[in-house]
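You will see two complexes here that share subunit A, one where it goes with subunit B and one where it goes with subunit C.
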Partner chain A sequence: MQRLGYLGRRLGYVLITLWGVSLLLFVMLQLLPGGPAEAMLGITATQQQVDALNQELGLDRPVVAQYVDYMGRLIRGDLGDSLVFGRPVVDVIGDALPATLKLAVYVVALSTLSTVTLATLAASFRGRAIDHVIRALPLIGVGMPGFWIGAMLLFLFALTFPFFPAGGIEEGFAGALRSLFLPALTLAISVSAILIRSLRRGLIDVLESDHVLTARAKGLRGVRLVVRHVLPNAAIPTVTLMGLVFVSLLGGALIVESVFAIPGVGQLLVNGFKRHDMPLVMGIALLSAAAILLVNLLIDVVYSLLDPRVSLR
Partner chain B sequence: MSTVETAIVAEPAGAEEPRGRRRRSVALIVGTSIVGTYILAAVLAPWLAPYDPLAQDVPNALAAPSGSHPLGTDHLGRDVLSRLLHGSRVDLLLGMAAAGAAGVLGTVLGLVAGYAGRSVDVVVTRVMDVVQALPGIVLLLVLLLVLGPGAGSIIAALALTGWVAYARLVRASVLVVRDQDFTSAARLAGLGHPRVLFRHVLPNVWIQGVIYMTSDIVIIIGAIAALGYLGIGIQAPTPEWGQMIYDGQAFLASHWWLSAAPGLAIVVLGLGLALVSDALTDRARR
Partner chain C sequence: MVSAEPLLEVSDLAVTLHTPQGPLRAAEGVSFAVAAAEAVGLVGESGSGKSVAMRAILGLLPRGSTVSGSVRFAGRELVGVAERQLAPIRGREISMIFQDPMTALNPIRRIGGQIGEVLRIQLGWNRRRASAHARELLARVEIAEPDRVLRQFPHQLSGGMRQRVLIAMALACQPRLILCDEPTTALDVTTQDQILALLRRASDESGAAMIFVSHDLAVVRQLCSRVLVMYAGRLVEMGPIGPVFADPRHAYTAALLRSLPAIDGPRQPPVSIGGELPDRFRPPSGCRFRTRCTVADDSCASLPSTLLPVDGERGSACIHAATGLPDRGAESGVSR
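Let's turn to the complex of A and B:
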């Protein structure tokens, strides 16, 4: 019961924030230099064309009426039509979404694998050379722009040693696995840079705790000890970072897609920006905000389930 | 984008290691030297650069590194080393200006939110939630659509995206300082709110923002370079690292150094700033 009330409040908060995002975007639309129609048509447009588009979009009406109209369409899930594609924004994004989602799932798998492996190594050999090397990695990784890591991986493993294709997505599961490896690795490097430190800290804390001492006293050693008794507890603080990771993952994916010519939402965003396709850019902004808020909500719930000490206020 | 950095900064760096303290001061020296070298290179670029960064020499395009061109030439025959040096002016200056603007905006809003409390606090906190619900790059693009191209717009857009982290840090510190005795004493002595805020509260909270700024600059320079790479940042032919990485990518197979060099410039600068930031965080903790 307590949990339901908590969920309800959090969901209400998500909706309020999402409404704030939509309001922000509406204000941006109003602030566009020369109005949305002129920004969309470009400076070569005649006044007649601008007037016609304004009328078509309902932009000749008072701001309040426009806002009511805008919110009405949003609630029905209508994000308007893309100017470049001439189709509903929802459909255009829907077509590009699978590529981005495949990439995201891949990144989560790769970064979990590398974070757990490296953090466990560092914590197990605490203070030794391998620990110092692993702890130095995030310092370098943080300053590395994702698109540059991508370009360098492209040079090394697609051009110099052609293990992987240089861009795009190949058909089928194996094809996707192979062609998305380099972009996923690019993002996994940045993501792991955030997580390794946190997980190492958590591991060290748990390794020194009483229940691990007990497990050791009972003769448990090595991998079995870490997997059964240490990791589940050590991972809890790191879960709270996953929200931040998701935001950086989403932002990073949008750029890395351009490096590897992946036909996903990121390419859509960049092309939409370059061609002043305001409805498309706004739609991507709104949907990514919705995704981020929902993922954060999910993380809060998972966190409260993992750690019973978290109060549900 | 910048919230990610908060997590890293917030991590106690090496505090648990027994010999950590000495290592920290070494880190601070190395980090400061790296950052200092970059600032010197940016200031002295016109004298250090062997060529005009904009001078084209098409017959000599895509030359390999040699004595006369230590990093070779790009696809228009421009000297890469000269462009790299002049690029440090663009990226470093824009990065520092944007981080500074974000820092000032965030500090002021964080101060006001934490000090005023109640409805003002609620409004500012809600706005922060809204801004952080959008991925940095997406909000950046939306703002740039509105503000138009140009260096001023890029700085403004980055400041409007990046202020939230500063505001959160400062607001949290203000909440602690607000109810301490010296603040109450200042208020009871009859000082006005602005004076209490800027003379008594601000000196106790600004250091948090400055420490965060050292690592925020890396993130911001990364964003500027990303815009340049996507072809929507500082416009050509102005030398800018991200744009240079993009220009070089077409020739990766034969001329990898064209993209590698500007990227390495960002990575080493990032390492230097991260070392400084870590050492400062550690110092502030004690």
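Let's turn to the complex of A and C:
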């Protein structure tokens, strides 16, 4: 009951925040130089043509009227039509979403796997050579920008040694697994860079805690000890970092989708911006904001499930 | 010292801890034996090496520690043995109860699972059987609502309750030896008494031997038949409780006893031991207590670090053992 009340209240905050985001976006897009009509008609268009198109699109009306109109439709779940594609924004995003989701799941899987493995190795052999190597890796991940890592991976493993396709997304599970490996790796490197450091620290703290001594005095050791008494406890502080990581992941997806020519939401947003497709940009931005807020809510719920001392209030 | 083949025989045990200030010799030359079903007290100030010696028995020392000497348990050597071979002994044949029940349980796992775990890994029991037995164990350590407690998390229990849970855990596999590392120090006085009574009853019922580490002489006197006294990493005196308390043969033991308020004898103000523990990185030569000792003379600086036999069963590392120790014994009337 208490948990339901908490979730309801949090969802309320999410809606209020989204409204704020929409208002901010609307104002920012109004302030952008140029407009959709100019972008659609090209530089050879006359002022009359631009005015006519603006009138057709309803962009000649006062800003406040446009906003009220937009919000009215938004409340009914209608994000409007894309100016470029001439179709509902929801449909356009829906078409691009699967590619992005596949990439996201892939990144989460890769980074979880590498974070848990490397952080556990580093913590178990702390102070030894392997620990120093693993601790240096994240510095590389943080130090190199995603677009550069992506370009290098593309150059090395798709062009010089063609193990992987250079771009696009192939059919089927195996195809997706193969074709999305390099872009997923690019993002996973920067994500793991943050997470490994946090998890290693957490693991070391837990390994030195009293309750692990108790567990060892019961006869637990090795993998069993780590899986049952160390990793779950050490994961708690790292889980709280995930919200931050998710935001950087969204930003990274924009770049990686462009570098690897993945027809996902990130690429859609870049194109939408280039062509002043305001409804599309607004739609994607609002969905991203909603995703970030919901992921943060989810993280808080997961946190409370992981740690019984935390209650949702 | 003990006539039959001892259950546990520690000889010349030395532990070096790895500290940021360099290696620290936390215990050395520690030799003693524990017979089956015997309760032995190990007393000394904080930092005297008691806990380190206990943890060395089970190989549970902090990372980077080195151990030398020998610990023989039921005919098996435990020092220098791989973790893989020690793990089956821990919790099953030798279990350990730690000082601070507030931190000794995993905060994110339920009590039932944590008790059941030792049965599952050491005896290969399934979840259901382990859980049923965990309930029984909780009842045995006098927890009122075992079913409820099984489902609870550590933070929902008081310190005394948690220590009971840890005792239940230590008793689970019916070990032959229980190492108690100051199990009541972190508890309030009334709870302390309950836990002590419980421990005494548990060790009587199970027939397990016990080493009870404490800085509290009164507690050791209640619980144990023999006592070992440690100072600055070395054993300085050992013997049966009564004679040692009535007639200490080491200046440190005598000083320790003088520092206790006499409850049952003629009133005498407790006398604190002057000075402080020697620098552990540069201990004094010879007897380590000589820097605080009231009877020390030049000969104490060149003392061998071993216990010398006194009166058959007893041992003392004090060269003044036979002669004039400032006496608390007979007059001050430590009863026994």
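Everything that follows uses one rule, which is that the second predicted complex is superposed on the first by the 275 of 313 C-alpha atoms of A that agree within 3 Å, B and C clash if a C-alpha of one lies under 4 Å from a C-alpha of the other, contacts with A are read in each partner's own complex, and residues count from 1 in each chain.
The rule is short, and it goes like this: a contact is a pair of C-beta atoms (placed from the backbone, for glycine too) under 8 Å apart; a residue touches a chain by one contact, two chains touch by 3 or more.
Treat the numbers as computed from the prediction; the structure is a model and nothing was measured.
> Looking at the superposed three-chain arrangement on subunit A, would you call subunit B and subunit C a clash or a fit?
Pair status: fit.
> One more residue to check, A:Ile255. First (subunit B), second (subunit C), both or neither?
Only subunit B is touched by A:Ile255; subunit C is not.
> Between the centres of subunit B and subunit C, viewed from subunit A's Cα centre, what angle do you get? Round it to the nearest 10 degrees, please.
90
> Figure out whether A:Gly86 sits in contact with subunit B (first) or subunit C (second), or with both, or with neither.
After superposing on A, A:Gly86 lies clear of both subunit B and subunit C.
> Name the contact category of A:Pro62: first (subunit B only), second (subunit C only), both, or neither.
neither
> May I ask you to name which of subunit B and subunit C touches more residues of subunit A?
After superposing on chain A, more of subunit A is contacted by B.
> Per the contact definition in the header, classify A:Ile140: touching subunit B only (first), subunit C only (second), both, or neither.
Touch status of A:Ile140: first partner only.
> Have a look at where A:Gly77 lands relative to subunit B and subunit C in the superposition and call it first, second, both or neither.
Neither partner.
> After superposing the two complexes, find the smallest distance in angstrom between C-alpha atoms of subunit B and C-alpha atoms of subunit C.
So the smallest C-alpha to C-alpha spacing between these two chains is 6 Å.
> For subunit A, which residues are in contact with subunit B within the complex?
16-18, 20-21, 24-25, 28, 31-33, 39, 127, 135, 138-140, 142-148, 151-152, 154-155, 159-160, 193-194, 197-198, 201, 204, 241, 244-245, 247-248, 250-251, 254-255, 258-259, 269-270, 273-274, 276, 278, 281-282, 284-285, 288-289, 292-293
> Using the touch definition up top, name the residues of subunit A that touch subunit C in the complex.
208-211, 213-222, 224, 228-229, 232-233, 236, 306-309
> If you look only at subunit B, which of its residues touch subunit A in the complex?
Answer in residue numbers: 1, 3-8, 11-12, 14, 16-17, 126-127, 129-139, 141-146, 148, 215, 218, 222, 225-226, 229-232, 242, 245, 248-249, 252-253, 256, 259-260, 263, 266-271, 273-275, 278.
> For a test of understanding, state which residues of subunit C touch subunit A in their complex under the given definition.
Answer in residue numbers: 58, 60, 62, 83-84, 87-92, 95-96, 98, 100, 103-109, 117-118, 121-122, 153, 155, 166, 169.
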